[in-house]
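Each of the next two complexes has subunit A plus one more chain, namely subunit B in the first and subunit C in the second.
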Partner chain A sequence: MSLVADLGRAELVRRLDGPGLLLRTGPFVSRIQSNISLVADGIGSLYHDYPIEEEGGFADFQVRLRQPTGLRRWWHPQVRFDYDGRQPFAPLPLAQAWPMFEWVMNWCVSNRAHRYLIVHGAVVERNGCAIVLPAPPGSGKSTLCAALVCRGWRLLSDELTLVRRGDGLLVPLARPVSLKNASIDIIRAFAPDAFLGTPVPGTTKGTIAHLKAPPDSVVRFSEPARARHIVFPRYQAGAVTTLTSVSKGQLFMQVADNAFNYFALGQDGFDCLANLVDDCDGHEFIYSQLDEAIALFDRLAGVGP
Partner chain B sequence: MLFNSLSGATHLLSPEALVVLEQLDAGPLSESTLTMALRDRFEVDDATLSDDVANLLGQLASLDLIEQCPL
Partner chain C sequence: MMSPASSLLVEVLATPGRVRFLDLPGWERLLRQANSANVGAILVYLLEDNGLLNDVPLKPREHLEAARIVALRHRRLAGYEVGRIRSDLAGLGLPLILLKGAAYAMADLPSGRGRLFSDIDILVPKDSLDQVERALMVHGWASTHHDAYDERYYRTWMHELPPMVHLRRGNAIDVHHAILPETAPVRPDPALLLAAAREIPGEQGALGIYTLCPHDMFLHSAVHLFFGGEFDQGLRDLFDLHRLALHFGTEPGFWDGLVARADALELTRPLFYALRYITRTFGTPVPAATLAAAAPFGPPHVLLPLMDALFLRALSPLHPECATRFDGIARFTLYVRGNWLRMPPVLLARHLFHKAFLSPRTAEAA
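Then we have the complex of A and B:
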């Protein structure tokens, strides 16, 4: 199996600017076409150990991120996203091409991959114990997820929990972890050896930088995991680390609220979510200290004291 | 939890609502029969129970989970 790293920069750019790079992320293959050097830079660094498929192969998603030609090339240059010939989003400033790439990769899955129940939430796994972290933006979910994967937890996803409808297993979709604003320096200080992409200021979410997924998590893209806990994290400055149980009924409703396609799946979605909730204990989690949070997660996974 | 396959809605039911729907699963029952079933299960006094049952039946009807019919 070939990797992005095997291509070299010139071939990577040629494929992106020509027939497309067939990039595998978890169960999906995306044909990516782009004439933007920031996109080539991001794929070359944050995805360099990801598998690629041969030119002309099948792709689940057709993703084009292009810099318009003409006057727009010089005057307030932009990046446009094109999906199968349609443009679902307004263009963004060219400097935001990389965050836009990550957003559209999420958009493709959350809008198209309905063979899964898709929950807006991170998934990490250790010792065979997968923990789902559903949470709205600003809860500290990505910061906690980044800290966990920097301390030996496997990353299944930072953003999209894929629940396989047949057996309820969580399917890995390990991609870079999106860090925002103060979280960027927090993770830099917490894990100085971790690789972060270049921070991009001025997006609708503030400054964004992406943490590279651990190589082991990328290699294990075909190993699903069984969820054992669903944890709703909330960062609160100065708070004591607190874990509180959530009833099964409330757990069901809160996860359904965080699902992209629960209503689209009808009875199948209900049955799938009911099985997931049956498998898991639910918790509200308040934290301010990452080391304490990780120690608690290790105990949930049966690791450590 | 209850999934209404006609409307596609999901409901988080109270224990009392669950008893009512279980009782009605086999067919229509009078309000007084449902009241007795709830009294047996939850040991509450009749005075408060009659108002509560009327409210509960009203809520379930407004969610299209039950409907009134002549017995």
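Then we have the complex of A and C:
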């Protein structure tokens, strides 16, 4: 199986500009076509150890990000996302091509991958114990997720929890972790060796930088995991680390609120979510110190003192 | 003869067994074309009915099943919404007559399986329009067109109220009192349609929900496609006609009486086009006698090659892979023609002028 890194820059650009690069992320293959060098840069760095399928394979999703030619090339250059002739989103300034790439990769999954119950939330795993972190933006979920994977936890996903409906297992995506604003410097200080992409200022979510998924998480993305805990994190400056349990009923409703396709799945969605909640303990978690948070997560996974 | 069969999707819709010869890149192409044409879920049922689904490779199968999930949810929501509309209008003592997508779905017709539709169309007698509109407003439905020109366009010239949207649920309803505008040169008599409507049999007795009779359902689908002027979903709509023909074609008298019914409703020209293009595109088994009876109602011979060229382009999937330079012109020409068939020339010129120059400004100002 070849990796993005095996292609070399010239071949990567040729594929992106031509028939498409077939990039594998977890269970999915995306056909990526782009004439934008920021996209080639991002894939070449943040995805360099991801597997690719050879031309002539099957892609689940088609992602075309183009910089329009003509006058637009010079005057406020833009990036446009095109899904088989439709433009579901307004164009963005060209400088935001990379964050847009990551967003549309999420959009493809959350709109179409109904084989899974898809919950908006991160998943990390250690010692066979997977923890789901569903949370609205601003709760510090991605920061916590990034810190955990910089300290030996396996990354399954930062944004999309995929619960396979057949067996209830969590299926890894292992794509980069999206860090916003202050989180970028926090993680830089916390893990100076971690690889972060170039920060992009001025997006609707502020400044964004992506943390590369740990190599081990990428290698293991055909290994699903069983969820044991569902934790709703909340960062609160100066707060003492506290974990409070959530009743099963509440847990069910809160996860349903964060699921993209719970209603679309009907009865199957209910059953799948009920099984997930049965398997897990639910907690509200308030933290301000990443080290304390990680120690607590290690204890949940039965690691350490 | 040109045909839209240059695309893989059309080949598969016409001959589902074609999928046996697809490799994985072929499947990817088929699924992409199907999604663009909004027939992804129609495809899954078509393959299932033809015993082909179990041989579909794992990955494409996953996408087909995902499309089925979306369609099933759509069907649940549509059923719920029709139930609400029925109770919203219950006090009026009118039969609730559904048209198009909602009718196919609620009557569990094969043409409803996997078919997504964006609004619920109902047909009511013209003299009860005011009551119907009031009853709907009382139950939370509100008109979406506040522009004075649009109001006048619908209320004076069209065959329907301005579309209404439910304020909480966000679903849309179109209330029709006829199937062609007041201004069109042909006027299918709504009284004939209402009189022939058929009640949908429910599991626990009748539900008070009706569809048009099979002939009228087929003719309405034809006039909607060939006089409508909008071809975004052209291939899907043509496939509706194919599926209606296959289903009702087995009912005694369907083919024998179809041309006479079209004549009574002044819909012989759209019937001609419907039969011409379903047989050419999907090989629909239409009896020779019916084709022969419809043949005199085509356009003048000199025009026919032009109409073929326009329609066959417009009825191709919208996917960029299937597009040609001619598409835009074909669709625009048919848009103008669609309006031409709905309005006399002076009114049409005025309408197109308004839509092109005045409406966008009002929208900007708003």
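Assume the second predicted complex is superposed on the first by the 305 of 305 C-alpha atoms of A that agree within 3 Å, B and C clash if a C-alpha of one lies under 4 Å from a C-alpha of the other, contacts with A are read in each partner's own complex, and residues count from 1 in each chain.
In the analysis below, a residue touches a chain if its C-beta (ideal position, glycine included) is under 8 Å from a C-beta of that chain, and two chains touch if they have at least 3 such contacts.
Given the structure is predicted, the values throughout are model-derived calculations rather than measurements.
Look at A:F252: by the touch rule set out above, it reaches subunit B but stays clear of subunit C.
Of the two partner chains, neither subunit B nor subunit C is touched by A:N275.
With both structures placed on the common chain, the touch criterion links A:F263 to subunit B and to subunit C. In the superposed model, A:T207 makes contact with neither subunit B nor subunit C. In the superposition on chain A, contact of A:N181 is made with neither subunit B nor subunit C. Of the two partner chains placed by superposition, A:S288 touches none, neither subunit B nor subunit C. When the two complexes are overlaid, the chain among subunit B and subunit C that reaches more residues of subunit A is C. In the superposition on chain A, the residues of subunit A contacting both subunit B and subunit C are 263, 266. The touching residues of subunit B, counted against subunit A in their complex, run 1, 3, 5, 8, 10, 12.
Within the complex formed with subunit C, the subunit A residues making contact are 31, 56-60, 62, 84-86, 112-115, 261, 263-266. Subunit C makes touch with subunit A in their complex at residues 24-25, 27-28, 32, 35-36, 57, 59-60, 62-63, 65-66, 69-70, 72-73, 76, 318-320, 323. On the side of subunit A, the complex with subunit B involves touching residues 249-250, 252-253, 256, 262-263, 266-267, 270, 274.
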